[in-house]
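Each of the next two complexes has chain A plus one more chain, namely chain B in the first and chain C in the second.
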Partner chain A sequence: MVFWIELLIAGLVSGLVIGLVALSITLVFGIARFPNAATGDTMTLGAYGALAGHAATGSMLIGGAIGALGGAAVGLAAYALVFRRLSNRSTVALLVASIGIGFIIRAGLSLAFGHTQQVFQVPLVRPWRFQGVRIHPNDLRLAATAIASLAVVFATLYLTPIGRRMRAVADDPALARVSGISPVRVMVALWLLAGAVAAVAGVILGLRTVVSPEMGWEMLLPGFAAAILGGIGNPAGAVVAGLIIGIAQEMATPVVGFTYKIALSFVVMLVVLLVRPRGLFGRVEGVR
Partner chain B sequence: MTTMNRRTLLGGVGGALALTAVPVSVNAQAATFRIGALNPVTGAGSPYGSGMQKMILAAVEEVNAAGGAGGRRIEVFAEDSQTSPQAAVLAAKKLIEVNNVRAIVGTWSSGVSLAVVPLTNDANILLLNTSGAPALSVPPANAKGLSYRFQATNDRFGRAFAEIATREGFKRAATMAFNNASGIGNTNGFKRAWEAKGNRVVAEVVYEPNQPSYRAELQRVLAARPDVIVMGSFLPDTTIILREWFQSGENTRWIIPGWAANPQLIQALGAQVTEGIISVDSVSNERAPSFAHFDQVHRRAMNQPGASNVYAAMTWDMVITLALAMEAAGPNADMAAINAKMREVANPPGEEVYTFAAGKAALAAGRAINYQGASSVLDFDQFGDVTPDFGVFFITKGQLERRYVVSI
Partner chain C sequence: MSLVLADLAKSWGGFCAVDAVSLTVPKGGLVGIIGPNGAGKSTLFSLVSGFLAPDAGSVTLDGADITRLAAHERARRGMVRTFQVPREFAHLTVRENLMAAVPGQSGETLRGLFLRPAMVRVEEQAAAARVADTIAFLRLDPVADTPAGKLSGGQKKLLELGRALMTDPALILLDEPFAGVNPVLVEALSAHIRALNARGIGFLIIEHDLPALTRLVGDIHVMDRGRVIASGPPAAVLADAAVREAYLGGSA
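After this line comes the complex of A and B, so read on.
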């Protein structure tokens, strides 16, 4: 029993990271209407930003904030310099452009920080034990960070005027426009938000693992899987799907082994799409 | 009646130029023997790559200073493999097709060597590597017998791990392997040797790279209550696994290959987490005069003792062995004739020699030679593999401390 509970906890924490990546992808897809392949590299940038911030100030909180700001800045720059100019092009053109932006970020980071792995110099602590179940204090902190970020995103989307406009554009861009909603302001808010969310995911992943220029790119596949599983364009769905994939991967390992745990996220996705093609929470009109 | 137009004139001049050019290039070909130094100057192998490349250049300088090998001077074209198979294949193509090299020297990681070996095989040239993957010993990688490995195979590393685990009195060993030829080669080699000693492996895990967490993998291994975990791993995954292990609060010992348990690992994790880890790496042939000579050259070029880079000693030996084989094969020998002499100059029987100059003199006097390398005694088996000794390092207070050496 303890064994399974510990797997569940490990899956939850992995799932939160996947969920944040999926949230960033799904926000962009819902509003700007293309799959943003630079999401992974925005994550990486966030992790390096936090690494530099942490090294300079000694505070993980400030470091994390710098990472998130870095992600937001990159998101905004990508919009201003590239995506805005391509906004009338096809989805494929935007997708290809985002792959290019990802390459530029990755190459820039390799040039600036080198290929060798870097590690957050934070103290490692032994776990607490409840009834034999190991609870890691660092996990709790990371989970709290992830949940706080999610709260900020959802509060922005559902409690603020700009959030309402973003949802309006997501629902029907033409109708939003004739209602007097400025697409540029919505896009600016979107890219700041999506960049910051991806960067926070990168910071959390970097804290749990090691920071290297390829780390975010490797997370793109599970992130996309979760975005599709949750129903493309649905923020809550992306987070729930991320958690499902994270937990399913960890809990299945005693049965399918470790080599196939990555494949499992795709099996989950396949099954859901066969049974419910619009994803868990997607609406039919959301995926026109 | 001059009907010569501009085109025929140009053709004639061009042809004449070509005629004069051809003999010149043939002369140049005969006088020099080109090799490509393809080393991990950047990427995961970067702690070793610069030293490897500089020792290739230094060894070639020494061979040329002794009058060349088989009547030819050696010329080096240097490239960076970036420790990446893609980059290495591009560089190898350039070395083979543009520079026309006759051997590629000093590929480091197994991924790079396995990617480059089809190209060297197709071109019928030598590949001298320092990689561990067992697949490099046999066809298709070594179908033509043109690949030589100057490092221990992962399987031999695994055998050394078993010797060490026995010597340290461990009873319940578990293994964790990165899912590639090198990682699994290490743990399989360990398992075979460990079970041959009448022991049992209590848990085995093969894990995937680039995971956000390795906790489930660790949990499986730790549930079997091992007293030691034997790794077939690389630096990034080892860093993540050890960090999660420490935070799990369990007390187990670790035996980890030297390319993963290195100073960068200690720097990433700190002295407390890494205390007591056993790091195993092949050691150079430190008591041999050839090592003393190499050490001197290495200190001059790198400002560091030769023992700090086992791979640099291997690339040094690559050039010396190749040059001795060229010398033994005689003037203008082709690659097949040179390859046929590789084992003859490095393996017993024969007079033990420690430098190129001594070997060249002995060959000139008509004696058989057995080059004793700086990296190992350098006796190639039927697969082109060598068996170096292994240094056993304990991480103590953040320092790698060598306690003893095992031979297998």
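After this line comes the complex of A and C, so read on.
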């Protein structure tokens, strides 16, 4: 029993990471209308940014903030330099461009930081025990960071003028334009948020495991699986689906083994696409 | 705000959808456009509102040439359009639909949101008050917090008018505001339009419901096959032989 509870907790934390990635993917898909394959590498960039920031300042908080800002900056740069120019092109053109941007980010990081795995130099903390269940204080801190990031994004989306406009563009871009909503302002906000969210996911993943140039690329599949399961374009659905996939992956590990747990996201994605393409919480109207 | 269209033209391949159309909506005017299906009325609206670029001609708003301006910039200048088939931000509530269209908010950028939270809050309250007034004016109170996608067709028409009003328009382009609306609501909508016109807002209205339109507008332009074939007060225009030909000859 204790074993399964520990797996559940691990699943919740990795589910939050997947949820953040899926949120970034689903926001871009809902508003800019293409699957952004550079999401994973934006994550990686966030992790390296935090690694460098932490090494330079000794503060994990500052390191994390640098990682998040780095992700936001890369998101904005990708929009300004590439996606904005391709905004009238097909979804496939944008997808291919995003794969290219992902490669560029990954190559740049390999060049700057080397190809070997790195770890955050943080002191080891003894886990707490409740009724025999081990809980790592770091996991709690990371979960709190993830939840706080989610709260910021959702508050922005649902309680502010720019968030309202972002949701308006997701529903009907042409109507948004005739209503005087500036598409550029909405896109700038979107890319800053999507970049920062992906980077925060990278920082959390990097702190829990190791930092390597491929770490984000490998998270792309569970991220997309969760975005699709949650109903693509649906932010709350993406987070819930991320948690479901995270928990399912961890709980399945003793049964199918560590190597195959990633395959679970693939199975989830296929089943959803075949059986219920609208996802759990459906949102097809928002997407053309 | 006066709108002047001069020799506007748009072709698709060989087909001339809008052919050298010139017309004027005077400041505070109430002007109608009629014509058979395919006469180019909606294409004309798209040229005026910035959805399509014209092949030739110009659009002038209050003396300024806006022919090359983006759609959202034209809206900012006080000219706003609605759509033939009503459109709405389906997942936003009626209130949010209207709030999204309030211009000049500091909270429209993340920077403004984080650097000037106090100002954002004050502006939000002012916008919310204006939105509440508009909801009351259009009698949309019962559905104010319903997602707009769930509204009836008639309510969506009202919401379109409401969203147009939130942009502080001086001129509203209505594309078939009465289509698919029950007769009672047609009267209510006409009353709203008259009330807004009395406040100085100009209207350019495309409509098939001739009786309702002629009761409403001062001048009518008749379009057929991309051209304006007659212009003037409704009674005179409807007596015109060419108009009878275009309307009755086309369908009889």
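The rule we apply is simple: the second predicted complex is superposed on the first by the 272 of 288 C-alpha atoms of A that agree within 3 Å, B and C clash if a C-alpha of one lies under 4 Å from a C-alpha of the other, contacts with A are read in each partner's own complex, and residues count from 1 in each chain.
The definition used in the following text is that contacts are C-beta pairs under 8 Å (C-beta built on N, C-alpha and C of every residue); 3 or more make two chains touch, one makes a residue touch a chain.
The model shown is predicted, which means the values in this text are computed figures rather than measured ones.
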item: Side-by-side fit of chain B and chain C on chain A, or clash; value: fit
item: First (chain B), second (chain C), both or neither touched by A:Ile262; value: first
item: Partner chain(s) touched by A:Ala78 [first = chain B, second = chain C, both, neither]; value: neither
item: Partner with the higher number of touched chain A residues, chain C or chain B; value: B
item: Once both complexes are placed on the shared chain, angle at chain A toward chain B and chain C, C-alpha, multiple of 10 degrees; value: 140
item: Chain B versus chain C as contact partner of A:Ala68, first or second or both or neither; value: neither
item: First, second, both or neither for A:Ala37, with chain B first and chain C second; value: neither
item: Partner chain(s) touched by A:Pro161 [first = chain B, second = chain C, both, neither]; value: second
item: First (chain B), second (chain C), both or neither touched by A:Glu250; value: first
item: Touching partner for A:Val178 - first (chain B), second (chain C), both, neither; value: second
item: Overlay on shared chain A, then closest C-alpha pair between chain B and chain C (Å); value: 31
item: Overlap of chain C and chain B interfaces on chain A (superposed complexes); value: none
item: Chain B residues touching chain A - in the complex, by the definition given at the top; value: 42-44, 46, 82-83, 179, 205-208, 210-213, 215-217, 219-220, 223, 235-236, 239-240, 243, 246-249, 264, 268-270, 272-273
item: Complex contact set, residues of chain C against chain A; value: 49-51, 70-72, 75-76, 80-81, 83, 87-92, 96-97, 99-103, 105-110, 112-113, 120, 123-124, 127, 149, 163, 166-167
item: Partner chain B, residues of chain A touching it in the complex; value: 3, 6-7, 10, 13-14, 17-18, 115-117, 119, 121, 124-127, 129, 134, 136, 138, 205, 208-210, 212, 214-215, 218-219, 250, 253-254, 257-259, 261-262
item: Partner chain C, residues of chain A touching it in the complex; value: 156, 160-162, 164-165, 167-168, 170-172, 174-183, 185, 188-189, 192-193, 283, 285-286
